[in-house]
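What follows is a pair of complexes built around chain A, which joins chain B in one and chain C in the other.
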Partner chain A sequence: MPEMMPTALLFFLAAAILPVLPQYLRALLLLAVPVLAGIILWNIPEGMLAQVGFMGLELEFMRIDSLSRIFALIFCLAAFLGNLYAWHVRDRVQQVAGLIYSGSAIGAVLAGDLITLFLFWEGTAIASVFLIWARRTEGAYHTGLRYLIIQIGSGVILLAGAVLYHAETGNFVFERMQLGSPATWLIFLSFGIKCAFPLLHNWLQDAYPAATVTGTVILSAFTTKLAVYALARGFAGTEILIYIGAAMTLFPIFYAVIENDLRRVLAYSLNNQLGFMVVGVGIGTELALNGTAAHAFAHILYKALLFMSVGAVLFRTGTAKGSELGGLYKTMPLTMVFCVVGAASISAFPLFSGFISKSLILSASVKEHYYIVWAVLLFASAGVFHHSGIKIPYFAFFAHDSGKRPKEAPPHMLLAMAITAFFCVYIGVNPEPLYALLPYEVKYEPYTTTHVVTQLQLLFFSALAFTVLMRTGIYPPELKSVNLDFDWTYRKAGPAILRYLRAVAGASGAYLGSVLSGWAIGIFHRFQHSTGPEGRLAQSWPTGAMVLWIAILLGVTLVVSFLS
Partner chain B sequence: MAAGRATNAAEPGAAQDAGHAVEHVALTLADQLPMLLILVPLVAAPLIVLLGSRRLAWPLAYGAATASFVMAVFLLMRVIGGEVISYHIGGWAPPLGIEYRVDSANAFVLFLVTGIATVVLPYARTSVAAEVDGQHGTLFYAMFLLCFTGLLGVVITGDAFNVFVFLEISSLSTYVLIAAGAVRDRRALTAAYDYLIMGTIGATFFVIGLGLLYMATGTLNMADIAERIADQTGNRTVRAAFAFIVVGVGLKAAIYPLHLWLPNAYTYAPSAVTAFLAATATKVAIYVLMRFMFSVFQPLYLVEVKTLEFIIIPLALLAMFAASVIAIFQTDLKRLLAYSSLAQIGYMLLGIGFLSETGLTAAIAHLFNHGITKAALFMGVGALVLRFGNSYCDGVAGAGRTMPWTSAAMVIGGLSLIGVPGTAGFISKWVLVQGALEAGWWPVAMLIVLSSLLAVVYVWRMIETLYLQPAPERAAAGEAPLSMLVPMWLMALACIWFGLNTELTLGASLSAAKGFMAGSPGLILAGH
Partner chain C sequence: MSQDKHEDTDAFPWLGRRLLWLDNRRNVNRIVYALYGLCAALFLADFFYHKHVYLGVEELPGFYAVYGFVMCAMLVICAKAMRVILMRREDYYAPRDVEAEEYPEDQLDRAEHDA
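This part shows the complex of A and B:
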């Protein structure tokens, strides 16, 4: 009875036996599990298939409908491609974490109630952090901790929201909700953190480039798309999402243009692509939701392809910084081709996957008369082409020759990239099979003259702008730099303000200043002083003092008893 | 109305039937279970001493514990639906005779205590041999069984003075068990001495309280007392009795400022003793507290005297935070866990303080879940002590590499301590939060979650010690022996099992909470 078994369990069981297997069996298992899961998910009927009683609640582990199925399937595909790409990895920690991570993501998508969703939501958070820690550097450790705190925080907020939701409605059913009560706002916020809404987004650009070469590929597929799915399920048609999404498409562009680390550029462009999906969820019509699902599907593929190609470069050269790369097309021609396919897809060139999915969302926005949003999305599309479509391949493989002559990527990476690239092109040329998977019936023809011509105009002018800027030298050069983002406020500005206050307070206010700046440390030391092993609160007390406490407590209890 | 099978003798106006019923008492073994449960370990203890054989001591103790466990399971199965068994010792009808009463509340605690003893004893064999002088092996197991008997007796009896007697049996043997740690660390002697003084004062307070109740009612049977004080709640004698009993038992339960004996006792006692005591002794005291508060005195009385609001809840909150913060800064893992126990006792008291069915369910469920969690953790630390000779963070750093199974079991226990979903600790905290929300106490619900974050910190410290810190130069220590790993993992897996399958824990807890909230009618129902 494969349909009775939660698909996530398949992944977890595999993760449980994986550590004891020899390497080649491990790698095979990593490929077999997503395939098996995909076949099961493809074939099982719709409905609520697996209930588990838990503390008097009915947990729904297998909600199969058209929306959850397409997300679960693309997750299986992404897991397969990611694992194929990671064929060479011998590290059991990464392998187990990758399996649990993808299994949790699929479990979360198939969750029919908020508690199940929460369990898998936290599962993705905890498993994925090991992909970052697996790099085993000091920086990665701290980045991982920051990432973990934010992700777990999102889960805790979700749980709080779920509890309030239960108090309001008497159930935990995860269906479409209306923003308005604290419960739904909390759930919305939790989804928003995972979806990297503007100002909540920093964990993404912080963590993804810090993971291992293969870890980033896996990371890029699941967490944020899970959040998009959750929004589509819970908050479709919530108007505020349109504007949040529009903002999301815009602001990462500028960061992406000036960023030097190519993997971070991709992280910013990932954020920007999420914006399109969020807009689609916000519009909430059948066409728009189809667009969101299709775009998520296509996006996972081409984003994975881009991360794979940049990852291959990093794998071979040891760096992903634009300023240190260039001219690699000479020795890594295949990787370059795949990278260009990914770039063309993300830029929505006709005949590539991005085109047939993004135009659904754009058309939906026009149809619902959100013209300004439509214009924003158009501008963002041009921006995407700019930083992902041109910048990534250009700086990595062309530009000025860095003198590096690395070997071509290893065969399994090439194979993974080739399969992914094939899907990108295939979907672009023949969108019907993807459209058939979408949540609602599709009557959409992407290849009309207007669409194609509009898109090409946009792309060519954007390319022209890039060329002109490069030729005239106005384009921001790839510099070794660190760009400030919102996380600066809590990582740097907060402490700096304290230091500033201390400075202006001057001699007379030195005491105040020192109190402010030494606040955290002081509290820590005070606690350590009073509660540490030698501290007043934790040391062994003389027997008499203990007895005194008994007397005091008895006295108080007696007084309370007599007075009340 | 009466549920005790052959013992519904006191049904009003059924004197003829009564005589008839009494004849039945001795007929089936099942009817004698409540007595046998106590009798088996009580007889086995002196038997061990008399035989004096070091080879026989452990098998005897283990056999007795296992037999008790099986009996406890049978009892729990019989009463979990809300039934009450009343057993009259020697056929003497209460209130004059001593009555054993089993309802789902104490059957559940009996299940915990016997279960823990059955799991800890196999573990103790290796651990005790290493930590306690071999000469005292036989005496150790005799003491262990006495302590075990005392705890069971405290739980099962329906006679207030009998509670005191068994409390003393368990306390006296506990002092000896703690002092047995002196072979490893001499400080165990002072720890045992402190606990002796404190425990004696606590027991004295308790017996003073009983004396005052006797003054007011002239009886010692709990149900009888409950009936007779129902109409004299304003009586100062009764109120003083309440205060003495709460403080006396509160000391045994290590309510926060009365906890001072606990950290040292847990730290310096032999590891197996710590695992057993941490999982059972304070839990039994909490049970006694509930039994007296809700069944002898009544929920309505608690509303009236406000002890819960003004004393128990503030102290519970204090424990949740203060003890957790102290735990964070400890450098000895045993001590760290001891303070975390204090914090967890805070959760149970908080559940009691809500004075609602949900709150009590949470308290009882947490009593059980925390019991198995702490058993797993202390057994893990005990294994570290066996291999490294100490439980200091510096001393056992990097143990995750040499002792992967022990460390993994401790991680599971730690997760359950935090209350991560999928573990037992989550279930009871979840119900506790629900209880807080039900009562409309939002801030308290927030505080529960906040204090859990403190647990994250100290559990993380533990994990960091085991896995992330480099091991200092020392002789390579291997994994703990199987006889310790299996009990440890049984408890660790129980943490997960009871985190996923809550039928038993929440079912029994809810049934017990219903019984408590019914107040003394819940007691009288069974008749005497």
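This part shows the complex of A and C:
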């Protein structure tokens, strides 16, 4: 009865036996598990299939419906492709972390209640940080810590929201909610952190370029799309999401233009693509939610492909920075071709996957009369072509010749890229199989003359702008640099303010201390006299009294938190 | 290096050798002129079919073309201006950041194409 077993358990069992296997079996297991999980998920019927009683709670581990199934399936495919790309990795930490991470993400998508969701939500956080720490440098250690604090924080907020939600409704069922109460706002905030809403987004651009070559490919697929799924499940039709999403599509593209680290450029464009999905969730019509699901599916593939191609460059040259690269098409032509396929897909060129998924969301925004949002999305579409479609392949493989002549990517990486590229093109040419997987029936024809011509106009004139700016020397050159983003507030400003306060408090404390210490010592002696071990009051206190008082304190805390 | 006229290009992969014409400045110019021509053709295409659109603004001939060009140019110019305020040295956050670090060599497989 495979449907009785939570799919995540399959991944966890594999992660448990993986460390004792020899390398070739480990690599095979890493490929077999997602395939097996995918076959099971493809075939099982819809419904609530695995209820488990746990401490008086009814937990639902296998909610299969059209929305959860498409996300679970693409997660299986992404795990397979990522593990194929990582065939050469012998580091057990990364292999186990990758399995638990992808398993947790699938588990979270199939969770039918908020407690199960919380368990897997934290599972993705804890497992994924090892893909960053696996780089084993001081910078990666600190970046991983920042990432972990934010991800765990998201989970803790989710749990707090779930508990309040239970107090409100009497159950933990994870269904569509209305924003309004503290409970739903907390849950919304928790999803928003993982979805990289504006000002909550920096963990993404901070952490993904710090992970290992293969770790970034795996990271790119799960966490944020899990959050998109959670929003689609819980907050479809919530209008504020439309504006949050529109802002998300907009500001990252400015950063992407001036960012030097190409993997961070991709992280910014990932953030921008999430914005499209969030707008789709916010609009909440059948067309829009179909668009979100389709775009998440297509996006996971082309984003993985882009991270794979830039990762292959990093693997062969030791850098992914635009200022250090260029001219690699001569000796890494296949990687270049796959990168261009990914670039064309994210840019939504006709015949590539982005074209048939993003247009569902744009079309929904017009149909529901969000014209400004539509204009923003159109700008963001042109912008994403600019920085992901042109900048990434151009500065890595063309531009000025860096003199680097690296060997072509290893065969397993080429194979992973080839399969991913195949899917990108296949979905673009033949969207019906993807459309059939979507949560609602699709009544949309992407290949109309108007759509093809207008999209080509948008893209080619964006390319024209790039060319003109490049040839006139206006285009900003790639420079070794970092750009300040909102994370500056907690990486520089916050610590600086704390240091200042500590210095002030230290100086004034030293003065106050000299004045007060005379009193304090006097007071302490008096207390010691009466309540100290030898004191009169202590004579009648059993040690158990302390335990009792602690118990009473905890009890009061519990009652207060329960009532509030 | 591309400046090195004596570089042995025969050792490049087949597809890489096929694409070497991109190294020639004149060929790059040809591509750019082709892009100009393509853009002109796409702009004119608007006059030769019936657009099925929802918004009045979409009916303007070449709306998508002008919008794409203007917005992208604006994007780049704004982003360039942002650099004045936001750009810092690569080691600004070091050592708590990977940006100024070398990628650990033992996790790479550096190889020259003719190795």
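Assume the second predicted complex is superposed on the first by the 494 of 564 C-alpha atoms of A that agree within 3 Å, B and C clash if a C-alpha of one lies under 4 Å from a C-alpha of the other, contacts with A are read in each partner's own complex, and residues count from 1 in each chain.
Here, a residue touches a chain if its C-beta (ideal position, glycine included) is under 8 Å from a C-beta of that chain, and two chains touch if they have at least 3 such contacts.
Remember, predicted model here, so these are calculated numbers, not experimental data.
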Superposed model, chain A: greater residue contact from chain B or chain C: C
Touched partner set for A:92, first chain B, second chain C, both or neither: neither
First, second, both or neither for A:412, with chain B first and chain C second: neither
Chain B versus chain C as contact partner of A:140, first or second or both or neither: second
Partner chain in contact with A:527 - chain B first, chain C second, else both or neither: first
Contacts of A:331 with chain B and chain C, given as first, second, both or neither: second
Partner chain in contact with A:456 - chain B first, chain C second, else both or neither: second
Chain B versus chain C as contact partner of A:371, first or second or both or neither: second
Partner chain(s) touched by A:209 [first = chain B, second = chain C, both, neither]: second
List of chain B residues in touch with chain A within their complex: 190, 193-194, 197-198, 201-202, 205, 236, 239-240, 242-244, 246-247, 250-251, 255, 257-258, 260-261, 263-264, 304-307, 310-311, 322, 325-326, 328-332, 335, 339, 421-422, 427, 430-431, 433-434, 437, 449, 500, 502, 506
Complex contacts: residues of chain A adjacent to chain C: 88, 135-140, 142-143, 209-210, 212-213, 253-255, 257-258, 261, 314-319, 327, 329-334, 337, 366-367, 371, 374, 378-379, 382-383, 386, 398, 401, 403, 405-408, 410, 448-450, 453-469, 471, 474-476, 479-485, 491-492
Complex contacts: residues of chain A adjacent to chain B: 54-56, 118-119, 122, 156, 160, 163, 167, 527-528, 531-533, 535, 537-538, 540-541, 543, 545-547, 549-550, 552-554, 556-558, 560-562, 564
Parts of chain C lying in touch with chain A, wherever the complex brings them together: 1-2, 9, 12-13, 15-16, 18-20, 22-23, 32, 35-36, 38-39, 42-43, 45-46, 49, 51-55, 58, 62-73, 75-80, 82-83, 85-90, 92-105, 107-115
